[in-house]
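After this come two complexes, each holding chain A, first together with chain B and then together with chain C.
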Partner chain A sequence: MAQQSIGSVLVPAPGTKYERYARRPRRFNLEKWAWIYMRASGVLLAVLIFGHLFVNLVSGEGVKQIDFAFVAGKWADPFWIVWDVLLLWLALIHGANGMRTLVNDYATRPALRRVLLGLIALATVALLVLGTLVLTTFDPCLGATAETAAAIPQCAIK
Partner chain B sequence: MAEEMHGVDPSAGHDVSVQEMGAVQQFTVTMIVRRFDPETMEEPVWQDFDVEAYSTDRVLDVLHKIKWEQDGSLAFRRSCAHGICGSDAMRINGRNRLACKTLLKDLDITKPIYVEAIKGLPLEKDLIVDMDPFFASYREVNPFLMAHSDPEKGKERRQSIAAREIFDDTTKCILCAACTSSCPVFWTDGQYFGPAAIVNAHRFIFDDRDDEAQVRLKILNDKEGVWRCRTTFNCTDACPRGIQITQAIAEVKQAIMRGRP
Partner chain C sequence: MPPRADRAPSAVSLIWGIVATQSTAAAPAQPKRMGGTLYRGREGMWSWVLHRITGVAIFFFLLVHVLDTALVKVSPEAYDAVIGAYKTPIMGLGEIALVAAIGFHALNGLRIILIDFWAKGAKYQKPLFWTVIVLWIVLLAGFVPRQLMHIFGGA
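Our next item is the complex of A and B:
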């Protein structure tokens, strides 16, 4: 389908004919579950994100408290590991699905669409694996010297 | 429309006291029309016309004056000219409106009025677009009563006032395509069912005399179905019948999630 660009929207070029694709009924509809996921994760993320921002930036000494020791202190508590794992997975998939929607809307060339969707999937999986690995295997004393260990309460105990 | 009500030409006499009762204001209005001739042009061009008009005129009257008195080659659709047939949906000052329901006095006529064809459907000539893709998606939702039982012999199908009320809003559609051609998701590739098709599916999905709501819910539970709606509300703003289209689409989404109307 030939198209012309008017502003940022694509409309059919004058005189071109276009057909609607044939519909294919499917038993599992990704779009429906993606739509539901966006709303459900959105509600949870509102709580998780504002909780995260409050604990890190407002409570205690505020923004000045953030350093390696502060993060290590948080992740000594399984509560914050669960919180951050949830935040990571829900937010990353939420964002990736939003980008997938944009690509589906605006990338009309099939090859370009496949490449962009592949890149989004790749980036999402890589970030999820790396992030989850860090959160579940985090050891604040790893590689700490005698001097730096003193600054981290968990290492000092050992 | 409210924000467009900037009044009338100041030169046309605000001094009502010296005017006769019932006198109609007359003024010159500039209308800039996006013209396209498929035989000679690659791209549409804007052409302006100065027209003597009255405050009681509608955009359609001005288009008539252009066609009848200035340039007979101007092409546009209109049938009833009274907001019922839905032929003359067009983009007026950037908003989808029926030309026959848009009064000049509701527009800022100190500035030119821009008129162009509705977007997202293939342009055929001037203000005329190919409506086939629009009606193709309308037909796909089975916009007719599908009942498995016969009404009592010699009687009509009975329906309570409350049951009729549920889908009353979506019975008002005149298929002018103002909503579908204002939808940015429809503009992208024209594959989305579009607001008008979903509105007409809604009209039968929530009709308790109809027995095939499930069929329509299945059709709209599609990659190009209700889930592509981003609740932009352009359709609700464009509808000349004031149908709450975005709400109707949301009701169909909920029905699909429930699995029943």
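Our next item is the complex of A and C:
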């Protein structure tokens, strides 16, 4: 026999003359919006990630060109800061929600599931805060000496 | 806690499922196609397995990648020292694996979106899967030589 819980209502069971219990319709359906978010962010991420990989790994000297000066050069342009902020938020939330799906599929012990979901949420929030701070407070003059600062226009002004 | 048999498949049974499908396919007495099975052991299942594995791998890389990039706030020396690790030959091969994983996940993700929103998407899910594989090979054919040149090529 179906069990009635607090959030459930009786609805007609399709194709029968009976009724069954279903979850009470919510005003905000998390699973529906998560489903839509995975697809919307997926399309944007495809553009953002391939652009990111092309500029950093394919063009120029590829991975060997990456150092502090390379990053400072990119983030001197607000275009790349906006690009990277979008990449950070879209990818982390997309990945975290995907991991939530996996935990719900495989971690069947309620206590373990709660711990794993908590860890995913914690890591995601911490890295969103850290990454956003890094991108919005970046200082190209960090650690620059008198001579090296002269070579970087923004640093010479000070 | 429900008894073991009532629980959803665990990671172990996912792996076992992969092994079991392969051994079933190899057994000579079995008919070529499992009767009535449209999903198991076919394009639909493999694209799902690969999408899951690549998604998890990319997520863990992303966690590390946000942390290593945050070193630009510590000092240029700290950042350069840690990023130097990405330039070694072994890590260079690791980056090929990473691009391969992201490439598959991105292309197959677009396939999932087509299946969901394009009226004929579900009908063409198999040709779409093989299109993903072809585009993925083209992507890697472009990236791998370039990356090998960067890592092993002289200055």
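Simple rule for what comes next: the second predicted complex is superposed on the first by the 122 of 158 C-alpha atoms of A that agree within 3 Å, B and C clash if a C-alpha of one lies under 4 Å from a C-alpha of the other, contacts with A are read in each partner's own complex, and residues count from 1 in each chain.
The definition used in the following text is that contacts are C-beta pairs under 8 Å (C-beta built on N, C-alpha and C of every residue); 3 or more make two chains touch, one makes a residue touch a chain.
Not measured: the values here are computed from a predicted model.
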Touched partner set for A:106, first chain B, second chain C, both or neither: both
Chain B versus chain C as contact partner of A:71, first or second or both or neither: second
Touched partner set for A:61, first chain B, second chain C, both or neither: second
First (chain B), second (chain C), both or neither touched by A:131: second
Chain B versus chain C as contact partner of A:45, first or second or both or neither: second
Chain C versus chain B, contacts on chain A by residue: C
Interface residues of chain A shared between complexes with chain B and chain C: 105-106, 108
List of chain A residues in touch with chain C within their complex: 39, 42-43, 45-46, 49-50, 53, 57-58, 61-64, 66-69, 71-72, 88, 91-92, 95-96, 98-99, 102, 105-106, 108-109, 123, 127, 130-131, 133-134, 137-139, 142-143
Of chain A, residues touching chain B in the complex: 1, 4, 6, 9-21, 23, 25, 29-32, 34-36, 105-106, 108
Residues on chain C engaged by chain A in the complex (per definition of touch): 1-2, 7-11, 14, 52, 55-56, 58-59, 62-63, 66-67, 69-70, 72-73, 75-77, 79-80, 83, 86-87, 92, 95, 99, 102, 106, 109-110, 112-113, 116-117, 143, 146-147, 149-151
Chain B to chain A touching residues, read off their complex: 36, 38, 41-44, 119-124, 130, 133, 136-137, 140, 184-185, 187-191, 218-219, 221-225, 227-228, 253, 256-257
